[in-house]
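Attaching a single structure in structure tokens format; questions to follow.
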Amino acid sequence: MIEALLFLTPVWPLVVLVCSAAWRFAKGETASFGFLWLTAPLPGLLLAVLAEPDPAASFLELPGLFLGALWWLDEVRLVFLLMTSLLWLLAGCYARGYLKVSQGAKDQLKARLRSFEYLWLLTLAGNLLLIVAEDIASFYTGFAIMTFSGYGLVIHFRSHEGLAAGRSYLYLALLGEGLLLIGFLGAASQAAEPLMSQIPLILEPDNSLGLPLLLCLLLGFGVKAGLALLHVWLPVAHSVAPTPASAVLSGAMIKAGLLGWWLTLPLGTSNWPEVGQALLLAGLVAALGAGLLGALQFKAKAVLAYSSISQMGMMTSLVGVGLLDFTLWPALVPVLLLFLVHHGLNKGSLFLAVGMNERLPLRWTPLLWLGLVLPPLALVGWLGSGTLNKTLMKGVLYEAGWQPLVFWLTLAGLATSLLMFRYLWLLYLARQQLSQQEKQPQKINFWMLGSWLLLLILGLLTPWWLPLSIDNFLWPDQQGWLDLAWPVLAGLVLAVLAWALTRRSSAWQKWVPPLGDLLVVYRYLGLGLLKGVRGLIAGWDAAMQQLVAWLGSLKSLGLLMDKISYQEIAWRREAALIFTLLLVVLSGLLLL
Amino acid sequence: MSSLLQELPQLLPWLVILPLFWALFSLALGVLYRHWIAGVFIFLLLATNLILIGQWLLLGDLYYSLGDWDVPLGIQLRLDGVALAMVTVTSLVTAACSLHASTYLDDYPRAQQYFWPLLAFTWASLNVIWLSADLFNLYVGLELLGLSAVGLVALTGQTEALGAALRYLYAALLGSLAYLLGVALIYSGYGQLDLPALSGLLESDASTRLALALMTLGLLLKTAIFPLHIWLPPAHGKALPPVSALLSALVVKASFYILVRLWLEAGLQVVVPSAAQFMGALGAGAVFWGGWMAWRQTELKMLVAYSTVAQLGYLMLIFPLMVGVSPTAAQLAWEGGWLQLIAHALAKAAMFLAAGNLVLAMRRPDIIGLHGVGRFLPFSLLGFGLAGVSIMGLPPSGGFMAKWLLLQSALASGQWWWLLVLAGGSALSAVYIFKVYQQCYIEDTEVDNFRHPSLLLDLSSITLALLALSLGIFSAWPQALLATALSGGGV
Amino acid sequence: MNTFFIYALTGGLLSSLGLLGFILHRHLLRRLMAFNLMGSGCFLILTGLSQSHQGVDAVPQALVLTGIVVAVSATALALVLIRRWYHLTGQTSLPEDVQSLEKTSSKEAQG
Amino acid sequence: MILDWLLAGALIGTAAGVLLTRDLYRSVVLFIIFGLLMALVWVRVEAPDLALAEAAIGAGLTGVLFLDALGHLNPDKAAAVRQKYRQPLLSGLAFLLALGVTGLLWMALVDSPQPGVHLPEIVDQQLLASGVEHPITAVLLSFRAYDTLLEVAVILVAVVVGLALRFSQEDQPAETQVLSPLLQKMLVWLLPLMLMVAIYLLWIGSYRSGGAFQAAAVLAAMAVLMRMSGTPIPGHSNLYLLRIGLVVGLGLFLLLGSVDLVSGGNFLAWPEGWEKASILVVEGALTFSLGMLLFSLFEASPAPKQASMTRGGGA
Amino acid sequence: MLDWYFWLPLLVLSTSLVASGFIFWINENRSQLRSGINLTAAVLKIALVVIILLGVMGGEVYETRFALLADIDFVLRADALGVMFAGLSSVLWLFTTIYAIGYLEGTPNRRRFFGFFGLCVASTLGIAFAGNLFTFLIFYELLTLSTYPLVVHRGTAKALRAGKIYLIYTLGGGLVLLMGVLWLYGLAGDLSFYGRNHLDALAVTQPAALKWIFFLLIAGLSVKAAMVPFHGWLPQAMVAPAPVSALLHAVAVVKAGAFGIVRVVYDVYGITLTWELGLLLPLGIAAAVTIIYGSIRALMQEDIKKRLAFSTISQVSYIALGISLFGPAGTIGGLVHLLHQGLMKVTLFFCAGNYAETLGVHKIKDLDGAGRRMPGTSLAFTIGALGMIGVPPVAGFISKWYLGIGAVAASNYWVLGVLVASSLLNAAYFLPVLYRIWFRPQEQPWPHERVLGRWDTSLWLLVPALVTAALSLLAGVFAASGFSPLTWVELITSREYLP
């Protein structure tokens, strides 16, 4: 049973894909996003619910697949699987409403939706595969499928920005894939078996290859996880993708990067002080910097993307801590697990809310706002999962003597609250705009509404249903509430101040870095590199052409030879003379 | 079977008697029954040849004293491995050429009645040369061969052919006289003319060496070795196709055959390495000049004729590769040289026949006319294409095997410069052969304007080409023939 | 130095004289005569030289007899060809000589 | 000795004259003189057979052939395309090379080694077994009969080519007929004489100088004279007869040569005990055939009637 | 007496030989009969190869041997490596034949085309089964000859020029190879591929000569394998009809070169000796340079087939790269790429041909929206392209995986960099194409559209592309299963090359 579910988890979406393609082929154009399509993540979800988080019990060996596949579930994977399949399921339901095809849609649009449907399934399959995969090949396969299919989701609208965003996404994804390939290949060739769990054992400080491989894996997954400097694709991609796709991108797919770290870095086995410090620093820079940058954005989804970077930064810094002190890691595991599920679901619902904000009829505005403010509250730690998460985290860090980090994380809370204010403000503005439009959304789509609400609730209540190895959660004490409160209030003050300062003029806007901040720099560098290579090749070609020209000049030699060949006629005339000459020469040679 | 072969009388003289009778019959009867006569005699000759092969395999080298007079008084016929190989190739090529001519000559009714006697005389004289070991007898054989060949070239009586025949005749005459002068010196000095008997006797005095030089030059002129090749391209290029085939395949080889016998069988003590290198250099010149000129030609048959000039150059490499080198290298060169001769004979005959068919089909002599040939006349082209493979020395063909042996010999004797000649020559030959191939793929018309030659014409060329190719696969057999000849020849 | 050897030497001189004539002359008949002179020289060497060594010898004489007949056959053949060639072209020399003349004249005409 | 030197000098002088004379006709005449001188030389070299042959063939027949050819080459037309003279540099080179060849030949002649085999002795020893008494005939028709066989074939080839080039052409060369009354009168008693001489030469060949070739040359000369004078030759216009005549010499030679072979003996070994007879028969056939051949070399253009017959047969 | 062990390798060869003989014989217009002969022969050949394969797996030896010259034998012998190449050739022959039947429908000179096509395959199989260097050389040259008519098939000036260039390169390469073989024979005699360590003694006495010979051999082979700087013929040869490109690029010519390199390194010199002589590193560097150079060039091409051609240049050198890695993993990587690249590249060329035939599209920029018009073809193309990039689970990934592992095992870390750089470059030149096919709307009419049936295009053209695409996908997905190329290659490696 478990084995069957394990097998179906990544395979079922593919089955659905093949079935719907075959169906479409047989029947011609039919409605998309059918029920079968919705069931794609269900085996995963079922598995996460039913299975024991124990590799010895829940595993599946497929010796013929790839290079000998081994899939299993441990505690961490189970949590990831649960969160991921849940998010995909609800986002799928949402998409069914969000991307509903109208009857008279153009062929072009239909085709786009069809490709969205297929790519969604592919991305999902990859995402699920990488979670359950224990052997490296399966993992890499899942990761690659997810990454490349994700591109199609990003550029779904084919808008100019969308395509540009897709390019950034793809370039960085390719960079990440390349780095991962090096890391995996290096690790696989050294490990006893090509299994994910073997990789951390390789990455010992004693191993001369340890550091390069570690860096490759760290950076390779870092692209996905939005590590500072490699994060540039996130804001652009999220802001242009269709809302449900943004939700899974931000909620599930970037978590795959985190999972990668989790599985491959020597967390809990060895210390890498320099790398750990760098990672810690990078995480904090991301957590704070993304907040500042995000607060300056004009698109709600961009704000959310920066928020994701910021939140991932916090998690990154915790991973950094794990690398600095491996004894601390067991305590950090539940913290991170809770954090990522909490963030994943809440971020998902925040994204979905953007869509609701566009599509919900005006009369539903109160409900909307109720739903709109709850996840931000959770994120800043004032509510439900957020509160428990932050308390847990700080508690662990305090105990381990990482007070400075706690401070910085609290400061990151300030950034988060700034982002959330900005988000809400932008949604408010959008809603205002909507109310002034002539064409108002009239109907309410219950697929969208239902899935959003469900996600909202599940997100807020994460600690209560998530199977973690924590017996009871501590609520914050008074000091704790105070620590939670002041960043938000400070953020509020800053937000109001900013609003007051900027309401008169929009001059500040031109000082805002463009979406994706460093992307511009990268693009510039990339173009320069391309130009250099082109120049090099052009030079080579020119040299070759010169060579050809030189060879062409040899043709005159050929003409000369031609002239000589005409001489054969004269030669015929002197045959007897030549004969005699040769006779004398040969006699001379023989006689000498 | 073997006892039967042993009991059969020696058939050597029949190789000469039969074609002479053929010549007389066809001369006496004119055009009457010409095909029947040809068929009967070709059959008889082939049968004789076959039996001789069996006898040779069983008994080894065969000797035959004509008129029961022993050397030095009489003349002895000798059939060793090389001679047997030559006789066999002659039978095959001439038979195929006859087959070709029997149809081709329908266009030349007036030439017909004199073609067959001349062909028979050519065959007879070739066999005379292969079998003879007597220097003066070889002279008579060469004259007979030369005059019949000239006659064949001039047969159509057209201006170009006539000019070519005249030039050919004058070259042949000069060559014969030089050869005869050498014979005179040898006879005066040694009192006998038998090559095997002379082989132990020849001394390194000025008279002998000059005699050798004179004979060599005479034979080189007749073999058309660069730069004395100038008579060959017109003679071979302008003659009728079966005649060209015969001339290129066999006639020029006859004088070369004598040359090799002279140098490497009788005169090995007399010749010096520098002279051998000189011969090789002439060969190299032939390879490059012939290849170059072949490339520059616009007429198909002239191209093939120049190709003969080039290919003859390879044969000359046998001298530097056998004089003053290790026995291994000499053995390889010996086998390689003869194999090249055989392969070229088969392939070139096929090529000339095919070229003749193509020219017949195109109704024009130049290469441009080949456009569309690949589509409408695949069979006429096939013979040319297959023969080209051997001429280029590409595997699997006799030409390749021969070049391989020569290359190995060059390597084993440390004379790397001949490697370059062989390699460069192969490249050059590919250039001119593919120049022809290439034209066949161009199609400027959808209409088949060609005259379609009879299947018999195509078949005779294809058969020879296939033989040249299969020589590459079964080259171990001729190699066995040639190898024993060397050990028997006393090198 | 006996009588035979004198004629052998004469034969040598005749041969090279004939060769010179063969080289220098263009006219086909003259070249043919030069060839015959050369042949005579050759026969003289064969008979004279061998007889100077071992007295009168039937074998070289027989060989020369054969040689003479062969030479006259060749000469006759050449004459047939020459006559035919002359009949067709009006030339009395080998084609390339004529060609070269034509070529130079046509070149001059163009120039 | 002095006579020899003088003769040699004359020979060289005539040869030089042949080559250097401007006038072609004079050159041919000098060439005939050269042939006669050669005949003298052969006498001095103690080769009477050769002297006879040279006189008949070398000087006689060849000379006639040249004269005949000369008559066909219209001198006016030939002069129209005078050959370009060669560059002096090349001529100089030619002289130098000829000089070099002379030097080389000189060296070779002087340096020629003494033979280890004395063939004349062997010939003498085996003369009896050959069946004839004259050594040259023995060499020609017994010891080296193979050479002779092929030699006949050579003449045949030359004739065949001649026939091919004449018969096969539509444009026949003009008939040559020198109608001279004097010649015709002379022929009346010259011809029987020549015939007798020929038969005598043939007969004598087995003992002394003379033989088939010489006899054939006389026969051929006879025919040439008849042809030139316009006297009809019996059978001349019959093409098949001509063919048979051409073929019969070589054919008989081959057949008789093969008799022993077929009966288990050797090719060209004359039947045991019939050696002389065989040789005589072959010589006789050869004389007839060779005469015809040599004549055909001179003149092989029959009446147009036969030419059309040939064409008819070929079609 | 019928001795199967003797005749079987020859029989495999002669199936296509006889078929091509028949095809040359029968009339141009009898296309049905011709197709029948072709397909029968192809299927028969596969069956025979399967028989041999099973036998070889069971340890049987099939050998055809007779003497060519006194000391040189003609040897055809089916060993595991040869059977691998033979299997690839025969399978792809079948598909290419099917494809070609559809592709050349109604064009002139089909008799010539299919005749030489058969010859070409026969010589490829000869290369696969060649049991010594001499036999190899024979078939290597024969391949040149039999492919030339295919390259110039169209008979246009461009085709003829390409043919000329092709000849200059391949015949020149053949000559160099000949020199190498000759020298080696001069030193060591008849070199069968089945002896072991026969050059070791020579390596002590004449190491320099061995190095030179190696250089000559590899240089000669790398012309066909299109390694830089001997690659110039390949892009030119793109004027040939698509099935020819598919065959040339995927199987016959380039693979023959690569296969020859494998033979030289493993079976003539022996990997250990090659390593000891220090020859592996130069080979690896040459391969690496080719990989990078080919990819960069491919990036600059506008023409689909040209881009694919440069891609081939780059990809085939993976094989050489794998061989240059001293160790079993590298070997596996190189060898398995021989198969994988064959499948994937043949797919790509089929698709390129389909686009050209059906839509008249030759340039990449005209491909916009092709995915909607021709979904099947485009799907196949996508699989092939992703495989080339090395995206799992397509077969190309498996090759890269083993190459990478081999690189680390041999401590040639720079190879990893080459691999990744090449993958990125591959992505850079393939992904834009995919993007255009799938994500760009069609903006202008197709240059020259033909409607061929209710599917994308004629089924003769579509099915082979789909099947080979599926095969390359399956070869990756089920790499570790019993019937995959990888398993066979591992068997070869374990049997013969494990140092």
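Should a chain be cited, it is by its letter among A, B, C, D and E, assigned in written order, with residues numbered from 1 in that chain.
The rule is short, and it goes like this: a residue touches a chain if its C-beta (ideal position, glycine included) is under 8 Å from a C-beta of that chain, and two chains touch if they have at least 3 such contacts.
Only a predicted model underlies this, so the values are computations on that prediction, with no experimental measurement involved.
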**Study point:** Intersection of the contact lists for chain A and chain B
**Key:** C, D, E
Review point. If you take the mean of the Cα atoms for each chain, which one ends up farthest from chain A?
Key: D
Review point. Any idea which chain sits dead centre by C-alpha averages?
Key: E
Review point. So which has more C-beta pairs touching, B-D or C-D?
Key: C-D
Study note, to complete from the structure: Chain centres from averaged Cα atoms put chain A and chain D apart, in whole Å, by 107
Exercise for review: Report the inter-chain centroid distance for chain A and chain C in whole angstrom, where each centroid is the mean of the CA atoms.
Suggested key: 99
Check your understanding: Taking each chain's centre as the mean position of its Cα atoms, how many Å separate chain C from chain E?
Key -> 65
Revision key, fill the gap. Between chain A and chain E, the Cα-mean centres are separated in Å by 37
**Study point:** Residues of chain A whose C-beta touches two or more other chains
**Key:** 572, 576-577, 580, 583, 587
Review point. Where does chain C touch two or more other chains at once, residue-wise?
Key: 8, 15, 19, 22-23, 45, 49-50, 53-54, 59, 63, 66, 70, 73-74, 77, 81-82, 84, 94, 96-97, 100
Practice item. Just spell out which pairs of chains touch, all of them. Key: A-B, A-C, A-D, A-E, B-C, B-D, B-E, C-D
Exercise for review: Please give the residue numbers of chain B that touch chain A in the complex, ascending.
Suggested key: 167, 171, 174, 178, 206, 209-210, 212-214, 216-217, 220-221, 227-228, 230-231, 270-272, 274-275, 278, 282, 292-293, 296
Exercise for review: Would you mind writing out the residues of chain D in touch with chain C in their complex?
Suggested key: 1, 4-5, 8, 11-12, 15-16, 18-19, 24, 27-28, 31, 34, 38, 41-42, 44-47, 49-50, 53-54, 57-58, 61-62, 65-66, 68-70, 72-73, 77-78, 80-81, 83-84, 86, 91, 94-95, 97-99, 101-102, 105-106, 108-109, 112, 114-115, 118-120, 123, 135-136, 138-140, 143-144, 147-148, 151, 154-155, 157-158, 161-162, 165-166, 169, 171, 173, 213, 294, 297-298
Practice item. Can you check the complex and tell me which residues of chain A touch chain C? Key: 569-570, 572-573, 576-577, 580
Exercise for review: Using the touch definition up top, name the residues of chain C that touch chain D in the complex.
Suggested key: 3-10, 12-21, 23-27, 29-30, 32-34, 36-37, 40, 43-45, 47-51, 53-59, 61-66, 68-77, 79-84, 86-87, 90-93, 97-98, 100-101, 104
Exercise for review: Please name which positions on chain B make contact with chain C in the complex.
Suggested key: 136, 140, 143, 147, 150-151, 154, 157, 159, 162-167, 169-170, 173-174, 176-177, 180-181, 183-185, 187-189, 191, 234
